[in-house]
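Following this line, the structures themselves.
In the two assemblies presented below, subunit A is common to both, partnered first by subunit B and then by subunit C.
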Partner chain A sequence: MEEILRCEKISKNFMIKDPLGISKRKLTAINNISLSINQGVNTGIVGESGSGKTTLAKTLTLLVRPDSGLIYYRGNEITKLPDRKLRFFRNRVRIIFQNPYKSLNPRSTVERVIKEAMLTETKTSETVDDILSHVGLPPEYKDKYPHQLSGGERQRVAIARALVGNPECIIADEPTGSLDAMTEIYILTLLDELKKRFGLTYVFISHNLKIIAEFCERIMVMYRGHIVEQGSVEQILKNPLHPYTRLLWNPESEKFVRQQQKYNYGCPFLHRCIFRMEKCFHQSPELKDKENGHLVSCFLYE
Partner chain B sequence: MKRFFQRLRNHSKLAYFSFWFLVFFYIVSFFADILAPYHFDYQFRNKPYQPPTKIHFIDESGHFHIRPFVYNMIIDDPVFRTYREDQSTRYPVKFIVNGPERKIFFVFKTSKYLFGVDEPAGIFLFGTDTYGRDIFSRLLYGGRISLSISIVGVLISFTLGMITGGIAGYFGGLIDQILMRFVEILMVFPSFYLMLSLRAMFPLNLSSIQVYFLIVLILSLIGWAGLARIIRGMVLSIKEEDYVLAAKSLGLSHWRILFFHIFPNTFSYTITALTISVPGYIIGEAALSLLGLGIQEPYPSWGNILSSTIGNLKVVGDAPWLLLAGVFIFAVLINFNLLGDALRNVLDPKNW
Partner chain C sequence: MKTFILKRLLQLIPMLIGMSFISFMIIQSSPGDYFAQMKMNPEISPETIEMMKINFGLDKPVLVQYLLWLKNMCRMDFGISFAYHIPVTTLIKFRLKNTLCLAIFSLFLSWVIAVPLAVLAGYKEGTNIDRMLSIFAYLSISLPSFFVALLFVYFISKTGVLPLGGTRSIFDVNASAFLIFKDYMKHLLVPGLVLCFVNIGWLFRLMKNNFVEVFNTPYILAAWARGLPASSIIFKHTLRNALNPMFTILGMEIGSILNGAALTEIICGWPGMGSLILEAVLSHDLYLVMGALVISGFLLIIGNLIGDILLTIFDPRIRLT
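Up next, the complex of A and B:
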């Protein structure tokens, strides 16, 4: 299995100033994450809002530079490369954003959106019509502006843009997050078709474990910037180990446990965990291999 | 382009009219050398403050003439400057007449004008000023200066403002700090005193047009500072938008992102600001001329035609046609404002 992307211990912090700009607060969006994405293995990243999924997606595509840690693309380190040297990478690893209402320039027609993606490509044998037909849009849509399209159509345009120039990996950041249930199914089916037709590898980010389970072969569960559990679909579905993964499967149980207070020490999941122990208050567990590539970071399994 | 006019017309008939009105004004003043019956400094010394010449079709004996004609106006009372028509000779209005050679914008030579009458009669559509110069011709020539200079000023200040603000906002960090501190230095100059001292500094042998171009250059070199700050703020927020990130993720160059994704999305502000600041330059020019800093006699501009009436209320009462320059300024201002308002909506794809 060939490795496309690998990141080692990347962290990203954001400084949040109070309105007067006097004191700063550090917000850790992603913390010490290591992962690798292999060709043909679709990876799902699941977690609730604010768990750092989108930041991770932007960091993986180097739209946001990590504060620490290294990112490798096919074995070459690219973390600090300037944008103009990243073209080869940008053409091969593409990102689809969550909200198609925001990810298309309101002043560009569909044709311009796609042509622009072709600009950075060396070979452009494909035409705009071809690309539109791949995503199931008629060629007349070329002259339309984003506001004339529905949410699903916009997302198709965004997918078309990502497809230009034969990418190998597409990072889909909640591509159906702002769509209704029916459109969601259409888009997911489309993504699935494209996967087969172009041999794409997806990194699929979602808060919905069920979609991830259908779509991916490997799952990572994120919580507050940490990867708390990682494993194949079967391992995560049949045998969820981390209390948070169990919670994702059964969100209703949450309301009995949740505490308002967040601890800035110990295990990141401390304040919501029903299994917490004395030890959890003092140190954060490490991500450890439990069996056959099923990794979990919880003291319950040590 | 065709769609643009359709959209403009559909959006607002008034703005559509304003657009063509302004185009008309610009064309007319551009071709002032052909359209004006007299050169701007051609004087009829015996006809100061002559009221607008009446154009007749019927002569004193009741005969109708297809070709319109004028009478020579003779000063009746040199103290109160009352005029009467000397009806002894008819002077027919001639079209495409020959006269002294003029240069259209200093390049093309022409010795034919659209219309005129034989001397000693004069055709003064809007009357004459204190030296007996034709106000109509002076308004056309003055429009050339007032209108063109505003465009030049606006173009300079907007290019500088957009690029500086865009670079500062987009790249951020040290570049932003340096550019913005520089902009702040520019903003603290009291522009009025700067203008006065600059005018005093220029050598006296410059023609007033050269001086004025220099002043406009300096004004616009100062005037872009405020705009740059606003653009920077807008760019700061736009660059965080997903579509800019998406463009970045495609590997597009910074310049392409800046010019194709960020600047077009500041248009809602800049188009309005641009059209509204055009009148600012026209008014600024008028104010400068009033203080003697702008275009100097004999060169006309709407500002100094208007300013020649100030300080002498009796003249305003006796020769109200001198105020027509003010009417022209007002008409251009209101049309620019109407157009700017409509353009903001017309250029927004959401309204298409």
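Up next, the complex of A and C:
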């Protein structure tokens, strides 16, 4: 298995100022995350809103530079490279954003959107029509503007734009998040076809477990900027270990503590956990291998 | 597009008629008239005043007066100014030329300065450059135009680097056209720079806000993610989208040329429409006021039309109907 992207202990904090700019508060979006994305292994990242999934996606593509930690692309460190030198990387690792209504320039026609993506790529033999046909759009769509397209069509255009120049990895940040159920299925089927056709590797970010389970081979569960559990689909579906993963799998039946106050110390899941122990208040558990690459960060399994 | 322009130009007619009717009635119903002062003068006999009223057509009922005025206006005859005793058209023509020159000069200069600075400040948001430019913008917004004009006139009169007042210096009879033009521009510089300074501040603020707003949208992030060069992202993607609301502003600015510059014109002694309208209103110079109002209403509509047309050219989402 060839490794495409690897990050080591990356963290990103945001400073939040109050309206007067007097006091600052540190918000940890992602904390000490290490992961690697291997060729052909689709990775799913799950977690609730605000768990840092999108920041992780942006950091992996270096749209947001991490505060600490290193990012490697095929073994070369690229964390600190300036944007000019990242062009080769940007062509190989593409990102699709959640909201297709906002991710297309309202003044560019479909043709211009795709042509522009081609400019950064040196060796293009494909035409705009070819690219559009990959995503199931007829060539007449070339001259349309984003406001003339439906949500699903826009997302197809965004996918087409990501396909230019044969990328090896596509990071999809909730690609169906703002689409209706029917369109969602079409887009997912399309992504699945493209995967087989072009040998793409996806990093699929979603809060929808069913999609992740269907689409991915590996799953990472994120909570408040931490990876709390990581493993293959079977491992995590059949045997979820972390209390948060169990909660995600079965939100109705699982019991949890309804406590609003968050702790700034100890385990990140502390304030909602029913299994919490004395130890959990004092230190944060580390991600440890339970069995065959099934990693979990919880004191219950140590 | 053609039908749209035609439609808008046709809309001009009822608007001008309505506007002129209301202003005509207001001026006529206000206490006193141009002859009030003459009546006080014992040297002018009441018969002379009656004669003048008949000559100017002021002896008829107000409504008839208005209709007569409207009829004449259709033939581009705006009547005769009471105070200057020359046709209003001649008077306005000279003054309008000056005001238009002033307005075009200051508008052009302020846009050319404000937009690039706003892009710079928007791109470097939060840095010292941004802060310095913002302070300058606040200064420009908060200082009233007459105050800036007074300061500037004081400064110029102390140093004497530029001529003050009027549009031209005294020349030889056979001075070349170029020399006259140069002299005209020099005279234009004082009110022009004042207006430009006052205009820059809020243009800068608006443009910077637009720029920052567009710069933070996901499609700009997507452009970065594709590895496009920064210049293409700033100018092609962000600037073009950020300019959209500015076209409406431009149209409004063209529309307010006449009244916007009045104070500055008066203080800098620039013989433009602003001072003319003020004098005319103060002395109840009916036909002059009406003529100036028609011109400014016309400019307002034309200005908005230009803004709308520019917007459709630059924004594919807007279609004119």
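Everything below uses one rule, namely that the second predicted complex is superposed on the first by the 298 of 302 C-alpha atoms of A that agree within 3 Å, B and C clash if a C-alpha of one lies under 4 Å from a C-alpha of the other, contacts with A are read in each partner's own complex, and residues count from 1 in each chain.
The rule is short, and it goes like this: a residue touches a chain if its C-beta (ideal position, glycine included) is under 8 Å from a C-beta of that chain, and two chains touch if they have at least 3 such contacts.
Model, not experiment: these values are computed from the prediction.
Taken together through their common subunit A, the two structures put subunit B and subunit C in a clash. Look at A:P106: by the touch rule set out above, it reaches both subunit B and subunit C.
Of the two partner chains placed by the overlay, neither subunit B nor subunit C lies in contact with A:E2.
Once the two complexes are laid over each other on the shared chain, residue contacts for A:E214 go to neither subunit B nor subunit C.
Once the two complexes are overlaid on the shared chain, A:E116 sits against subunit B and subunit C alike. Residue contacts after overlaying the shared chain place A:L63 against subunit B and subunit C alike.
When the two complexes are superposed on chain A, the residues of subunit A that touch both subunit B and subunit C are 58, 61, 63, 83-84, 86-87, 89-91, 94-95, 97, 99, 102-107, 116-117, 119-120, 145, 147, 158, 161.
Remark: subunit A residues 58, 61, 63, 83-84, 86-87, 89-91, 94-95, 97-99, 102-108, 116-117, 119-120, 145, 147, 158, 161 touch subunit B in the complex. Subunit A contributes residues 58, 61, 63, 83-84, 86-87, 89-91, 94-95, 97, 99, 102-107, 109, 116-117, 119-120, 145, 147, 158, 161 to its touches with subunit C in the complex.
Interface of subunit B with subunit A (complex): residues 241-243, 245-254, 256, 260-261, 264-265, 267, 349-350, 352.
Against subunit A, in their complex, subunit C makes its touches with residues 217-219, 221-230, 237, 240-241, 314-317.
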